[in-house]
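Okay, so chain A shows up in both of these, paired with chain B first and chain C after.
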Partner chain A sequence: MASIWVHAVEQGFAYGIAALGVFITYRVLRFPDLTVDGSFVTGAAIAASLLAHAGFDPFVVLLIAFGSGCLAGLITGLLNTQLGITDLLAGVLTMIMLYSINLRIMGRPNISLLRVDTATRVIERAVPGLGDIAVLLFLAAATGVVVLLLNGFLRTEIGLALRAAGDNEAMITAHGVNPKSMKILGLCLSNGMVALSGALVAQYSGFADVGMGIGTIVTGLAAVIIGGALIRSRRVGWMTLSVLLGSLVYRTAVMFALRYGHHVGFQASDLKLVTSLLVIIAMVVPPIRERLMRKVRAC
Partner chain B sequence: MLKVEGVTKLFVSGRDRVTALSNLSMELDRGAFLTVIGSNGAGKSTLLNVISGSIAPTTGRVWIAGQDVTSVPEHRRARWIARIVQDPLQGTSPNLSIAENLALATKRRRRGLRRALPRALRRKLMEILKGYAMGLDRRMEDPVCLLSGGERQALAVTMATLAQPHLLLLDEHTAALDPHNAQRISALTQEFVEELGLTTVMVTHNMEQAIEMGTRLLMMHKGQFVIEIEGEAKRTTSVAELVELFTQRHIAEDELLLAGRI
Partner chain C sequence: MNGRKRLGVAVVGLLVACVAATAFAAPLKIGICKIMDHPALNAVEQGTIDALTAAGYIAGVDVEYVIGDAQGDPNNATPIAQNYAAQGVALVVAISTPMALAAVEVFDGTDVPIVFSAITNPLAAELVLGDTDPSQNGNVTGVSDLIDVGKDLALLKELDPAIQRIGLVYNPGEANSDLLTGNALAAAPGLGLTIVTAVADTTANVPMAAQSLIGRVDAFYVTTDNTVVSAIDAIISAAEEAGVPFLMADPTSLEFGPVIATGHDYYEHGLLTGDIVLQILGGAAPNEIPVVYQKDPEVFLNLDAAAAIGLAFPQSVIDQAAGIYFAGTTWSR
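Now for the complex of A and B:
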């Protein structure tokens, strides 16, 4: 019984990295990037192929997956900044291209990792007796490292320029930053993290599937929005922490819904519908509440 | 310091053509302060846009500090140029703190993976803000969107001067403010310009401001310079005199045009 909540937290961490990727594009860059639905699978596909067919080290494939995601982000970035394709369409185009590419990488629609030494299995073996908790600690540590690196990066000169580029493009240009470079950089970083998350999830759940990325953008947004409602801050450290917290809350809620939802007539397949509706409500409620309460607009 | 040579800018939309700048040339020495006046559509803002690089001239060249920068993109010209625009919202980054905005402005060239706001820089920026009274130094961590228009413009002026640019472009930068704040921002700008010896081009609607500030005055009309005054003559002129001068020239010019057509 307790173990399903452990699983929820584990997933909260593993998917949390993808949510942080969505945070970079949606919140920091203000670029609604749909590439993530494809790059999440690319990360998983590369990890699964290299593990199952080429016998790669399960930790090394995480880095390779990150690199592949960066490439996917680069494509979207170039489509948008160099060819002038609008942000949404650029993301959709890359996402669709990735669908074919992901199938090419895997050679078939899914790869099982049941008989492969995945990162989570290596950890379980390395720390015997802890079982699930060892995996939980590993995923928490991995996500923690990503959060710390991201915090550090967003506080550098380039990171600050990236944040300002999403905030005021004209101003940043006048201060010597090429906003196009910042967009490309942000998209690379974001999709790299999403792919890393995909690789982690594939190893954790023991398979990669070409359809596993559907709705990554929505679940990422759900985490970003839930987190933003729980912790309101403009400081880098608090913002990234809020996204992680949002992911944990979201995954726990999903686990709850999957376990008890059937009492009110829900099926597991309703999940994406419900998630999207929740995101819509979460996006619509704040402005309405503001109007009703005549609150001073918190800028 | 600044040279504009035979610059023409055409805006074409379908069959309509507008000549915003018409074979315009001018030169500005280091440390000079030029004010440019003219009515709406005279081409003042287009001139600043061509200098800053946010639009490319149809023909002609722009030189800054001895270099031909005509094909240098806007973000690279930032190493020489600082610009303040009319809308206070445009000059600052609303979701970043005052300190972060200032830190962003201290660097105009290569940015790296060094910390953007080390403690020493934070302290230095606070000292700089202290000199300018508005109390912004006590609100270093506040997001800029909490500031008033006047405060935001004061911040934008401070930011513009932080990287010690060669050339300062002011695009009606007090026009959106109330008289009191406009006065304060003008004074602040003057202070910076004198302190740092900046070469400045200021575009304004306000004739009084154009006479009051700067060492040289150009009046624009239909994409061309029609009147130039400097030195003693500029100091002693009045709004009425300028208007008179403009009306004379303007009419004369229209007559010439008519004569030419006949």
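Now for the complex of A and C:
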């Protein structure tokens, strides 16, 4: 049995991919997209259904889940750019639609993956003796690949156009790029990654639940903002890395609250309170230390 | 015996006492977790603890309870179970489907027993392979709160044979409710009834779902749906507005105003859960303990609510009642 901190890091990676998806819409595209609360579950639902009912390969379903998330993003993109529905409402509408669609995909609210070969189980078997460390390495590798691909993409010509679309719509229009296509592209990519994260989390947890997407936008934003405060950089590589770091900090805070909350008098029902307090501490400490260091140097 | 020897004996005695005290003082850790703070789930938790206390397992001395509450977020289920593993709990009581699935996944390959509770269908949830034959279930067993929906519908028909259309508000996102709604839809035709469903995916949507049924149904029915039960006032006011009876499969809400409340007492459910925990602590293996289905749901009548819609209970229904609610108090038979 690995230490809980190993598990916290595992979850930091698995949910980190969803946080990177939120990063694309919120930071790069500056589009507040609430679709993710639905698309996270869509990814989990597709993966769980194909694994439990159709005997698919656990790694292939990750790609299919990515595709399903892209479709969800496409819907929000079309609602916003073609029908002129405001960004927030477009995302909300797709998210609400996805609730029903996710239930249809699963056929019921909860699918168990306890008796199927999930990616984590296949990995554990393939690398015997390492146990949970093998799962950690797999999730780190999967997240690493996503980060490298994303970094590479954001440096291509289209990737640069996507970043520019978020910064200055008029400027890229002047350069002959259609900002609407960039929005749709960004939303597809973002929700694809969120769905991929959902598929990974479902396989890791051993079940998919229709309620597991609630709060994806909140924890995703938390990771983006925590990371942004810890690593201040405008370089793409550092920014994506900071999002992962933010996700790790958030998941570690949850684990910390679970492990030590009751020692300092908190109850089980205080979990969310303690988690947020820990995140506040993580945010406040680095600037304080910086200020102290400056004072020390000034002396 | 000289002084030095006496001192030696005293030191050895003290050491033995210390070792014995530590051996006894290290209480057995038991993890008890639930998906959210909910009256029925809290009653299960309390019942489980009380059953153990009654059997002589004193909290803080013999056992230490590590309570977990996912606060309604299934994503918290896995870290709660992982934390139990890190703390070396001897046994996990997992209340509700997501908690049980996460615990079984995390403790896969270990010999830590998982006792699930308040699970409507442990077979459909794939928590166990057999309910009456537990031999293939590994380290998992528990208690199911499956209710007989057909019995409830028959009771409504008995209450008033003119009842034909029954309004059922439910959340399709809840595994238990989804299953019971399916059972109701299957049982209705045989009883000459039609089920009219209205969906509420959150507590906030329950009032509108209930109102949409007014004038279209002759009675309201609610199963053990956590979302709808949390907003039960909305169903009660809709049933009153429509002037039709309302049967609810949760006796703990009798005083809030359903005409009839049937079903399981969740504190009792917790006692049954505690009983399984005691069997395991007594040396039984989980794969020797069949899944327990809580039996004999009780019937309670609310005379105040019946009077409000001008309904008189037939004698046959009164005969089945284990208790009545009248003039602000519940009276047991």
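Note that in this section the second predicted complex is superposed on the first by the 259 of 299 C-alpha atoms of A that agree within 3 Å, B and C clash if a C-alpha of one lies under 4 Å from a C-alpha of the other, contacts with A are read in each partner's own complex, and residues count from 1 in each chain.
Quick note on the criterion: a residue touches a chain if its C-beta (ideal position, glycine included) is under 8 Å from a C-beta of that chain, and two chains touch if they have at least 3 such contacts.
What you see is a predicted model, and the numbers here were worked out from it, not measured in a lab.
Chemist: With both complexes overlaid on chain A, does A:A161 touch chain B (first), chain C (second), both or neither?
Modeler: In the superposition, A:A161 touches chain B alone.
Chemist: Counting residues of chain A touched by each partner, does chain B or chain C come out ahead?
Modeler: Counting residues of chain A touched by each partner, the higher count goes to C.
Chemist: Could you look at A:G176 and tell me whether it touches chain B, chain C, both or neither (first, second, both, neither)?
Modeler: Only chain B; A:G176 stays clear of chain C.
Chemist: Which partner chains sit in contact with A:Q82 here, chain B, chain C, both or neither? Use first/second/both/neither.
Modeler: Neither partner.
Chemist: Pick one for A:S233: touches chain B only (first), chain C only (second), both, or neither.
Modeler: In the superposed model, A:S233 contacts neither chain B nor chain C.
Chemist: Is A:L114 touching anything from chain B or chain C once the two structures are fitted on A? First, second, both or neither.
Modeler: second
Chemist: Name the residues of chain A shared by its contacts with chain B and its contacts with chain C.
Modeler: Correct list for chain A: none, the interfaces share no residue.
Chemist: For chain C, which residues count as touching chain A in their complex?
Modeler: For chain C paired with chain A, touching residues are 33, 37, 66-80, 82-83, 85-87, 97-98, 101-102, 104-106, 108, 110, 124-127, 172-175, 178-179, 201.
Chemist: Note which residues of chain A are touching chain B in the complex, please.
Modeler: 153, 155-161, 163-164, 167-168, 170-179, 234, 299
Chemist: Residues of chain A touching chain C in their complex?
Modeler: Interface residues on chain A, with respect to chain C: 1, 3-4, 7-8, 11, 15, 99, 103, 108-110, 112-115, 201, 204-207, 209-212, 214-215, 251, 254-255, 258-259, 262, 267-269, 271-272.
Chemist: For the complex, which residues does chain B have touching chain A?
Modeler: 52, 54, 73-76, 78-79, 81-83, 85, 90-97, 100-101, 103-105, 107-109, 111-117, 143, 145-146, 159, 163
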